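Pasting the structures in now, so scroll down.
Look at the two complexes coming up: chain A is in both, with chain B in one and chain C in the other.
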Partner chain A sequence: MIQPLSGIQNTVAALDAERTRLDVISENIANANTTHGVDGKPYQRKVVVFESAMQQAMGAGGNGSMTPQLHVARIDTDKRAPLEIYAPGNPDADARGMVATPNINIHEEMADLIAASRAFEANLAVVKNEKSMAMQTLSIGKH
Partner chain B sequence: MIDGLFNNPSYLAAKKTLDAVAVRQEAIANNIANLETPGYKRVDLSPNFRAELDRAVSSGDAQQIDSLKPSLSVDTNAVAMSQDGNTVNLENEMMQLNQNTLAHTLETQMVSSLLMRLKMAITGKSS
Partner chain C sequence: MSPLSAIPQTMYNFGSMPGTDAVRPSAMPTPGIDGTTPLGQPGEINPSQPAGDSFGSVLGKLVSDVNQKQTAANAAVDGLQSGSDVPLHQAVIAMEEANVSFQLMVEVRNKLLDSYQELMRMQI
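So, the complex of A and B:
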């Protein structure tokens, strides 16, 4: 089959992985104050673990060179201990009046959010470029 | 196929450069996709392709130009900017990406104009 947009499989894989990362970051931010999760414990911060697998390049070169393709290996939970704050009025407070809250640093999450969205944008720029190049290639011989 | 029509060295050279641009685009796309892969080393068009093309074009041998094959290789000159050993620099890659797109425009127009010239010679009409 002819592939006019050759060599962007890895870009698409990276876009997919970055989107997963963005989803996980937004989940972390949304649950920054969840003291009582589904399991009754405070929310544990989640982290995306990226992994690259070798992918045979079948693109323009057709040279069979190996290029690593990015994908999400797993979504792990951050093992940091929950943060204890004194709030005796909270229904989740223990006998000492301490409430275990998720150990989420909003600044850290925001920095990650920006890094992920920039990486996403960069990959999107590649797709746009690739498309305009394919259009030009298709118009060879026209005037 | 009438091979004689398309054996013009400059046409073949333009075609080969277009191939090289496509391979390079693939390299840059891969580099950007692996922006955050620990230990990833950036790839690029093999540095000796340019020298080989130069040599083939100056020899004027159509067969020699046609036998060239652009390929990817790891860029050994790139220096890791971060602790994880990744040698991709986003700003540099974006610059290369835009440069490559312009080079592609140039080459497609070159190939087009060479074909148009051929058509003009065959038909005797200018459009």
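So, the complex of A and C:
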């Protein structure tokens, strides 16, 4: 099989991983005020863990060399304790009037969001560059 | 209406363009490719040619590879449209790959046609 854009598999894997990271960040932001999650406890912040694993490169005839490729190893939860705020009117408040709210700091999430979207952009720039190089190569010898 | 709804239509039109019939392996022996087959059998000119894939079969493989890329791009766009778990970037990159492969095939064809015409213009 011809590979007109060499090394694009790595970039696609990185884009997939960054996409997952962006999804998890948006889930964190969406649940920043969820005091009653599916398990009855406040929502726990989620963190994406990336890892690089050896993948069979899609070389000629599929027998290419092994290259390390990025992918999402697991989506873990942040172990920090929930924030306790005083809100006696809240139905989830305990006897002391304290409500456990998710351990999410919106500023931290926004900073993560910027980092993830810039990483996504960087990979898109690689694709764009890869394509323009291929097109320029194809026009060698044109007059 | 989805902003991407025009893509399958475009892809469809692209697939049904008269020139792209050559991409389908079933329609492979088109005049353009056929006309070059004599180039692939230079047995009399160069008898010491090593046995291997003939020029025609290499060209045929290129054409079917390009066809596979187009099919993969179509499948990715279809998956995106039908709401299956295909991310947008994968569909777009599949389309770009198909595009670059197609351009490569067109360039090969142009080169072949150029050399054929050059031969035809030769003074005897």
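As a working rule, the second predicted complex is superposed on the first by the 130 of 143 C-alpha atoms of A that agree within 3 Å, B and C clash if a C-alpha of one lies under 4 Å from a C-alpha of the other, contacts with A are read in each partner's own complex, and residues count from 1 in each chain.
By definition in this document, a residue touches a chain if its C-beta (ideal position, glycine included) is under 8 Å from a C-beta of that chain, and two chains touch if they have at least 3 such contacts.
If you're wondering where the values come from, they're calculated on a predicted model, not measured in any experiment.
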Notebook entry, point to check: So if we stack both complexes on chain A, do chain B and chain C clash, or do they fit?
Noted result: fit
Note to self: Which partner chains sit in contact with A:S52 here, chain B, chain C, both or neither? Use first/second/both/neither.
What the structure shows: first
Check: Looking at the overlay, does A:L70 come into contact with chain B only (first), chain C only (second), both, or neither?
Finding: first
Margin query: Once chain A of both complexes is superposed, is A:D16 in touch with chain B (first), chain C (second), both, or neither?
Written below: second
Margin query: Just to be sure I read the superposition right, which of the two partners does A:G97 touch: chain B = first, chain C = second, or both, or neither?
Written below: neither
Margin query: Looking at A:G37 after the superposition, I want to know if it touches chain B, chain C, both of them or none. Which is it: first, second, both, neither?
Written below: neither
Notebook entry, point to check: Between chain B (first) and chain C (second), which, if any, makes contact with A:A122: first, second, both or neither?
Noted result: first
Next item on the list: With both structures superposed, pick whichever of chain B and chain C touches the larger number of chain A residues.
Entry: B
Check: Between chain B (first) and chain C (second), which does A:I8 come into contact with in this model arrangement: first, second, both, or neither?
Finding: both
Next item on the list: Scan A:P88 for contacts with chain B and chain C and give back first, second, both or neither.
Entry: neither
Next item on the list: Using the touch definition from the top, say if A:K131 reaches chain B (first), chain C (second), both or neither.
Entry: second
Note to self: Quick check: superposed on A, how many Å separate the nearest Cα atoms of chain B and chain C?
What the structure shows: 7
Notebook entry, point to check: Touching chain B and also chain C: which chain A residues?
Noted result: 8, 11
Margin query: Give the list of chain B residues in touch with chain A in this complex.
Written below: 18-19, 22-23, 25-26, 28-30, 32-37, 40, 43, 69-72, 90, 93-94, 97-98, 100-101, 104-105, 108, 111-112, 115-116, 127
Notebook entry, point to check: Any idea which chain C residues touch chain A in the complex?
Noted result: 62, 65-66, 68-69, 87, 89-90, 93, 96-97, 100-101, 103-104, 107
Note to self: Which stretch or stretches of chain A touch chain B in the complex?
What the structure shows: 6-8, 10-11, 13-14, 50, 52, 57, 59-61, 63, 65, 67-70, 115, 118-119, 122-123, 125-126, 129-130, 132-133, 136-137, 139-143
Checklist line | chain C contact footprint on chain A (complex, rising order) | finding: 1-2, 4-5, 8, 11-12, 15-16, 19, 124, 127, 131, 134-135, 138
